[in-house]
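First chain written, first letter: the chains are A, B, C and D, and each begins at residue 1.
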């Protein structure tokens, strides 16, 4: 068969507005648009990756109202009005890499970089709650995200290093 | 792997939600955390014409310890996340079994979004929550346009991923009764990877007399068949002082009782072995738990 | 002298981009384009009776539906057998869209193009395919029986049969004082990178050129394959590997059906078309590896010296052989590891089954071979009551015997000659690292406490840096930037860092001035690909040679400008200077300007290069006959044969007497891959390899039922380890430089994965020694260990 | 996937045979069965709404009976396809006297579940298939025991007289609201199974319906 003209009924659209990394962003999408696809394809924030679309790999992890969720297991329309933080929003306000991002670089906590955004968001949220994890706790914190490249050892090291960098930042912070 | 289209509804009240379910019946599915439903939708194993999103029904977003004639009960609304139940200090003080089981439910990121009532209603044979409800003899409250009813745990899960909730009904709340008196509990599992559904999971709850004798002991098992298996261990462990309870006998009883299936991860024979081993381990864990709770009470 | 960076644990230069979500992976590209999805066979073996697309036509946003009958000329024809071999007498490949018959679950039958992926899948769901079911051939035994055939014209389901022999192994075994027979099995697994496959194609109708982005390990060859399939001139086709989210072998196969179809559809439709593989598609339509049955017959003396080794392999190559028989060839040659086998005979049968095609996955047949050899060493040690390390050491090739010729032919068609290595030193290091000699006491102590702990050891030699060649291009821009390009691709190995290190050192410039491009046919057209632990060896040396060319030219031009003998010049931090003469300097960027005589000046620097600016010999042409403009150079590295890295792993495990759960208490690796360019990156490669090895030993297998249905086609049931399943990995290195290449490098990419199943099988057996179990199949699960114990107990009862 | 099981029906072997061979009974007793159509002697097209919990799908199935050794045993081949996946199976069924007022029905099914559901449903398929078979026999037993009447709907009236001809269609009354579950909760692995239900249903139903055709 060769190309043919589209027919059939179009889906009804929903206007969805999210505050993504501090910036209000809107798009009209069908109800079935996954949050992961909404961020990547409708808002052009391709830092959030999709590795399995059944909630096991964690590559699509983003923060909604401060808590980690699997964006491939949510519909964008469910979160209309929510505050979303993606890996693009994990860098510091001044555009510098965050402590977590710097730690992954220092410790070689990434190789191909595909699962990395999910780890960065997960570890960022974890350290907000647990600023001083033990090595065992650091390992537990990243269990739930799959990485095929690193064997996790350097990611565990990155979590510990990030916690240290954050402590240093707090000490340096004025007042 | 993208879901089929559906009509999306976001009611603000339970009344509106059950009206929608009444209108669309089996064509509608309730969407709460989505941690089980959305994978099925993405794989197109389910394609409901309507999704009723209950996440913004405030009256369902409740977790509380309530006093009733029989004593205390932990009530969890249909919009309450696992992580909220897991971390609620009052719930943990009243019913530690909930946290003991919840920490074994997948990973924290899943628990941030997944709901306790949702995993009850999903009725996965490996799900911890239906087994916890069964172990405690709890119940769920369901509402439809025609009114409200209670479903006892024993009548709730009728098969793998199947419950006695009708398509026009919404499970609004689960009630986990707090066992009276001195109790101890433990939940142990063997899973292939941390956070995976258990190859075998066992929860044990014991009630202890003031003279440190086990008054009652019950076990609940997951992945041991299509529905949660509850076994009364009281006679098997004997009315001995709780630190001398015969958990080997309890293990033998459970091993004889369960009828697990093979799957690609484990044979039925291996599962049966685990059922016994983990029952004994959970039993001893429950005893330790009862002891530590007693000490804690003594210190206060 | 500029501070050397080679050998330093330099932080990766690609990381800031990847850490801030600025990477560009395949699905990040061209989201404005059309989306493709596929109807794939739900049956393992069936004839296609009818395809009814009527219901799909009503789908909103549908653009096109294509079946095999719609594909013209070469587009619809069978895909190439990439690596022909005389032993591959019955190579078979699929058509991009199934013609009359499907041979595995997941084979593509219909391509749908729509305005987005959701709608494309809507249309796929509405397409009805009627099948006439054919009996499936699943599992090596079924294929070996040959009663049922996968391909009617392939008798016995045998795609290839090959025997290699040195000496008369069978005679040597028959006359040996002691003989053992082992039947072994390794189950199926797969690369499963976190990013699946994907391809995006854009046709420029004005320029009549095609640009294809694809998540591949071999962009130059994809380019050639697409030009051939689409009957386009090669120079009208560009192929670019963007950031690639892991490969591990599966992405070396090409052209995939989807690569051909998406590119063709983009031309047909005159619009951008993209296909992004989803996770289920990856499990059922990409490629798998590992599955083998093995029979080992070994003859040895009372001291454990090998006298003869006779190995027969039955290799499951799945439904098709697009990548030839590389995997079983590697298994039967690399099996020998660091040992002298005495007389050696290796025979393999590569067999078709109605399952996903089998192509290399990290290790590429080596883990299976290592498993066979190391299980054999353990069996000999057990038979003789000798220490497992002692038996191995007695059979090592000595450092004084290097280079060592096995008298076999390796996967590159070259003789299997080990170039260097000090195996006794590696063994001594790993024994020390794990505390081998002190372990017996630990085991007994644990046993007294009711615990079961055991120790295991595994050795391997890995042929790396396989040819034929790679090339490098180095150019100094007039702003001082050093542009480097090589054709092979990158899937996380840090090439933008390590190749920059090599060039910075060779040229004498700062690392930050060097920019590396890989896998882009617009930048470098001649390449092979990234696989077989070859990138650092091949392209590392190629860019080094190219940089040396550029350095020579820079010194010559600078010598003229400084009126100095080039031999008296050095380059430090991007500045050419006369040794010991302060002030007599010229920056490389200026040398770059001078290297390109200009007629027109467009900035201050370029004025210095115009014909009237520079004092020039009027009798000489501005560009000499033997010269060319620009400060750049291209060179190639082509080795005579592979260079052989080696390593040894040791592990301590504990098994639960009741639940049979297996936990790794310690895991130690000693590895020798010659000169290290970047120790941090090499260590990362080892960690990742070991993790995949642990997955393959304890968690990951692909389970087919008798009907050819893959029962665990998801991350729910294909148990890729989380951090919770991977132990801390303790590493140490030797550096025995390769004599075969200028930098002395050996490959490191696959090392970590190779011996893990052998090591853990050995350790679990040791922990269970009181039970007397024998492990002959990996991976092993707690359930399987439980049943091994039961069988051992029963046998005891019987005897 | 192998599924074996048995059920005791409270009627004589002849009565059981008769009940199991009445399409009007089957269309009501096969879980989720919407429609049975005779396509040839011993062959039926069947439509079932099958699934558990969330996983509901409509499956179109074909059923064929062979190797009959009346009144004791037969083999049946069935296949079905729906959005979640495909099912095909061979089932050996034997009827044996179990006292004078009861009949033991033993079945042994070898099923292939394909498509998406085959790749992710393995954890629960066997359990669901057994459950469904059990529901079917319980429903048949209810009919035999007169606990459930079989009303003569228009289409089935025709069937009862001309049921031996191909092309006759048997339809089920509008089903009561199927058991739905509130669908949420954690998801780490495993799910699914509708296809297996279609299987168990298609299986026995097809067999008995086939018997009528002679």
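We adopt the following convention: a contact is a pair of C-beta atoms (placed from the backbone, for glycine too) under 8 Å apart; a residue touches a chain by one contact, two chains touch by 3 or more.
These numbers were taken from a predicted model, which means no experiment stands behind them.
Chemist: Which chain is most remote from subunit A in terms of Cα centres?
Modeler: D
Chemist: Consider the two chain pairs C-D and A-B; indicate the one with the greater count of contacting C-beta pairs.
Modeler: More contacting C-beta pairs are found at A-B.
Chemist: Distance-wise, how many Å sit between the C-alpha centres of subunit C and subunit D, to the nearest whole number?
Modeler: Roughly 50 Å, centre to centre.
Chemist: Roughly how many whole angstrom separate the Cα centroids of subunit A and subunit B?
Modeler: 30
Chemist: Starting from the mean Cα coordinates of subunit B and subunit C, work out the distance between those two points in Å.
Modeler: Here the centre of subunit C sits 45 Å away from the centre of subunit B.
Chemist: Could you say which residues in subunit A touch two or more other chains, in rising order?
Modeler: Those would be 11, 30, 32, 53-56, 73, 143-144.
Chemist: Return the residues of subunit B touching two or more other chains; collapse runs of consecutive numbers into ranges.
Modeler: In subunit B, 1-5, 31, 34-35, 38-39, 43-44, 106-107, 110, 194-196, 264 touch at least two other chains.
Chemist: Could you list which residues of subunit C touch at least two other chains?
Modeler: 118, 125, 278-280, 703, 711-712, 714-717, 722, 724
Chemist: Could you please specify the touching residues of subunit C with respect to subunit D in the complex?
Modeler: Residue positions touching the partner: 42-43, 105, 125, 133, 280, 283-284, 703, 705, 707, 709-717.
Chemist: Quick one: in the complex, what on subunit C touches subunit A?
Modeler: 11-12, 14-25, 27-28, 31, 53, 57-67, 70, 115-116, 118, 191-195, 243-246, 248, 268-269, 278-279, 491-494, 680-681, 683-684, 687-692, 714-716, 720, 722-724, 726, 728-729, 752
Chemist: Residue numbers of subunit D touching subunit B in their complex, please.
Modeler: Interface residues on subunit D, with respect to subunit B: 51-57, 83-84, 116-117, 120, 122-124, 126-128, 130-131, 177-194.
Chemist: For a test of understanding, state which residues of subunit B touch subunit C in their complex under the given definition.
Modeler: 1-5, 43-44, 190, 192-196, 199, 264-267, 269-270, 273-274, 277-278
Chemist: Which of the residues in subunit A end up touching subunit C in this complex?
Modeler: Going through subunit A, the ones touching subunit C are 1-4, 6-11, 30, 32-33, 40-41, 44-54, 56-57, 59, 86-88, 90-91, 97, 101, 104-106, 108, 110-117, 120, 139-140, 142-156.
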